[in-house]
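Below are the structure tokens for one structure; questions will follow.
Letters A, B and C mark the chains as written, and numbering starts fresh at 1 in each.
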Amino acid sequence: MATQFKMAAMGHTMETGRVVEWHISEGESIDEGQLLISIETDKTVVDVNSPVSGVLLKTVGQVDAEYDVGEVLAWIGDAGETVPDQPVEPDSKKRSVAAGPRVTPVAQRLADRHGIDADAVEGTGPDGRVTKEDVQRAIDDGTAPAKAEDTSVPAGEVVPLSGIRRITAERLSANWGVAPHVSEGIEVDFSQFESYRVEREADWQEKWGTPLGPNDLILAATAQTLKDHPDLNTGFVDGAICRYSEVNLGVAIDIDGGLVVPVVRNADKLSIGEIARTVRELAVKARENKLTPDEMEGGTFSVSNLGGLGIDWFTPILNPPQCGILGIGRIQRVPRYAGNEIVARDLATLVLTFDHRLIDGAPCARFLSQLRAALEAPEAFLD
Amino acid sequence: MDLSAEVCLKIYTDMWRIRLFEEEADRQTNLGNVVGTLHMYCGEEAVATGVCANLRDDDYVLGTHRSHGHCLAKGAKSDRMMAELWGKATGTCKGKGGSMHVADFSLNMLGANGIVGAGIGPTTGTALASKLRGTDQVSVCFFGDGAAARGTFHEAIAMGSLWTLPVVYVCENNGYQQWVPRENVAVVDSVADMAASYSIPGVSVDGQDVVEVYEAAGEAVKRAREGGGPTLLEARTYRFYGHSLGDEQQYRSSEEVDEWKENRDPIKLLAQFMRDRDWLSEKQDQTIQAEANAEINAATRFAEESPWPSADEVATDVVAPIQEVA
Amino acid sequence: MKTMAFNEALREGLHEEMARDDSIFVIGEDVITHGGPYKVTEGVAERFPGRIFETPIAEAGIVGVGVGAALAGMRPVVELMYLDFVTCAMDEVVNQAAKMRYMSGGQGSVPMVIRLPCGVGRLLAAQHSQIMESWFMHVPGLQVVVPSTPADAKGLFKSAIRSPDPVMFFEYKRIYTSKGEVPDGEHLVPIGLADIKREGEDATIIAVGPMVEKSLEAAITLEDDGYDVEVVDPRSLSPLDTDTICSSVRKTGRAIVCGEDSAFAGAVSEIAAMIGENCFHDLKAPVARVGSPHVPMPFSAELVKHVVPSSESVVSAVQAVMN
């Protein structure tokens, strides 16, 4: 078995050495201790003697070339012995090539931000991959190739989220991820209210100082009905159910720049006229961007009405941390059977979205039924 | 090195300052004003004064845990030292060092040291600094016979000799290594004999006889100053008090202590030496003692009236403030 | 900029400082012959005769002499051949050098650099491979400096020599020959200032000494996972640049502290605790530590690779924190 002659460490700091001269040629015999090779270290030239006796079978180390400490320089053994063509690479020298795309995702992220074609950047990472550093260098050098127009992505302007939009996005997406949203819808007959409205509009104006609409009735009835359904007038706060002692209704109002939800406080203690006036005041302030933080905080349940925009029904999203929100569709005159007769009815669909962590479907259904009954016999609220 | 009447008087005065300072510190300890512990120098005054009388202000001195005497002999102010013992803001070390770290860098008295044998290396270092700078300053290290057992003694003196440094290694051999008589734990009787290991002169003198100490130290300092290298000077001496406060001293008899106090007190011996030569009148003697007494009483008043350090001093002098960095 | 090895950068810094200030001298074992074991003191004896002292093998004496010379106004550069030997001079380092300024009430100081070749180099087992940074971080009055690149080595070494207080200067043996660019001209790196070696968004690796290079390698591997990591090199462990570390962690929300020394009660533990105290509400995951297990350094190469953390250890730690 031939002996490997390796580059030895000839000083604390030596990592490589340069072959200066072989003093023995391939095929010649050499004795242990006889001068074999001269090696230049970072400090000096060292003459190295053979560690064994035998025939110099093969010299791998080329004159003037640098070799790491531990690399095989020659084989010494018995005449005629065969040796490998290539020295076996030590384990530490083998570099496993990591699999992956040519451009790392992080490099791609940086390139996308700067509109750079990362594929055209020279890669210095493992296996020639393009790393973040490569992209950054290209940006710094000004050599980064611009990205060709990408037709697979629709053209458009990127508008950063700001103000209400950003807060809305953050709050609602955070809540959507944790609150199981479930919706239930119910059809409500506003015919009675509509006929009263025709008859009594002038009286109401005088009595309440404002005309009344179906939305005011819904808010008044919702507030009263919630008193009988305290499990829905709740919030999910710090991992627990917070059962609110007040009934404060958030009223969604569409303004330029987004949606705001001012609060009608203690709505269950207000008359329908007081509710109507409060909502109108809040709406004016909202459109003038004059709502105070106080007026937007403390809601316990929300109501959102898209009926005015012609929407038949929709499933609203919860306004965290509240447990419930009621979505109101438009009132539409439709034919309905009354016994065997077809009669005209003013109907709208109300959809309740609730947080199923806090309450189940059946109690919500009972809430909706009671609310419908109240809305269909509105006298109690109007006189 | 002949001892003049003038130098004698200076030494005699310093011996009394040291004696009275130590006794006052002890008294203030009993009053609860000086806290921590004290390693009293009483009985050994001839060594510090006899050596330091040969030194210049710019010569370096490093001491031991028993170093009040070294400080005073090098010229330190007794009031600031006493304030340090009280832990006052006006102390030599702002109350951060205490008895075992009294120092006066303005006099190149680089400090007492709480670790036995720890000053020998640094004193070799100050001597190396003098040599590198080409000054003729001499460095003196005081240490006890216990320190001669430490590796630092061997390592540092070997280097002092190797580089022919201007240093005098002064061993105060008081016969006890804390509570243990030297002969119980040391195989070499005379520390001076150990000098042979380092090819430097070793001299042993009677540490109660300040004349002997002064003359031997004078030669050693001269040799150092003139480039002749280190000397190991052993002064055989005795401590009148225990190792530190509260030492029951069961390792020695009261007769032994009384014998040393009666017949081997360095102050008495020097007074006799001076009277024999008519260098010290009765009146001079009284004046010297009275002035020393007044100085020490003033030191106590100074300490008592000085302010305590403020809380923010806790975190200063740990490292230099940033702006000092070059 | 020119490219040079870590030990060459130290040597250049030493020569520049010795030419600038006569009070600097070198003292240590074998520092003249062969230019010292790591060739850092090469050429000093020829260029600055009389200002380099080759000592007996006496670490307590060497450091003790350094303390005294420094107290007397010199600026000794002390070399201990292996960090491990500092245990023979612990009194001189801990009780003398570190505390002189405080005990003397600011009268004296010890402007001394102790050079400490440390860590695994060649395989030299348990008494020649230690790191022990945290031993000295624990001692008030000492500065603990750990450069990771030739540029930092030179800049920090020059600052250490100029410092008015003792500096424990950690030189990892394994990176003495690693090469890097060093700025031309006067190059000083202040002690106590961390350096962001790579900017990133998703996690902060705080890496000490050779772990910097390994973390930068890991960062490239982690790009494949889509993780863009920041690498912060504290450069000095005492004083510690808590501002730079905390602002990076607040930005990324994740911290992985990496050192080659034992993580148990090691430098990384102090940094991890500091992050926990200051950045708790910004953290998306617990702080992770990467270090060696709490064992002496073995001899066999097969065992050593289980002790010294690799760039793969860093990758795994980051992946765990990201998940």
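Here is the rule we use: a residue touches a chain if its C-beta (ideal position, glycine included) is under 8 Å from a C-beta of that chain, and two chains touch if they have at least 3 such contacts.
None of the values given here were measured: they were computed from a predicted structure.
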| item | value |
| --- | --- |
| Category of the chain touch graph - line, ring, star, complete, other | line |
| Of all other chains, the one whose Cα centre sits farthest from chain B | A |
| Centroid spacing, where centroids are CA-atom means, of chain A and chain C in whole angstrom | 40 |
| Rounded Å distance, chain A centre to chain B centre (Cα mean) | 74 |
| Where chain A touches two or more other chains, by residue | none |
| Chain C, residues touching no fewer than two other chains | none |
| Residue ranges of chain A touching chain C (in the complex, touch as defined) | 9, 11-13, 15, 42-43, 98, 100-101, 104-107, 109-110, 125-126, 131-133 |
| Residues of chain C defined as touching chain A within the complex | 7, 34, 37-39, 121-122, 173, 176-177, 198, 200, 219-228 |
| Residue ranges of chain C in contact with chain B within the complex | 23, 25, 50-51, 53, 55-56, 58-74, 76, 91-92, 95-96, 100-109, 140-141, 143, 159, 162-165, 190-192 |
| Complex contacts: residues of chain B adjacent to chain C | 60, 62, 91-97, 101, 103-106, 110-111, 113-115, 118, 120-130, 132-133, 139, 151-152, 154-156, 158-159, 162-163, 316-320, 322, 324-326 |
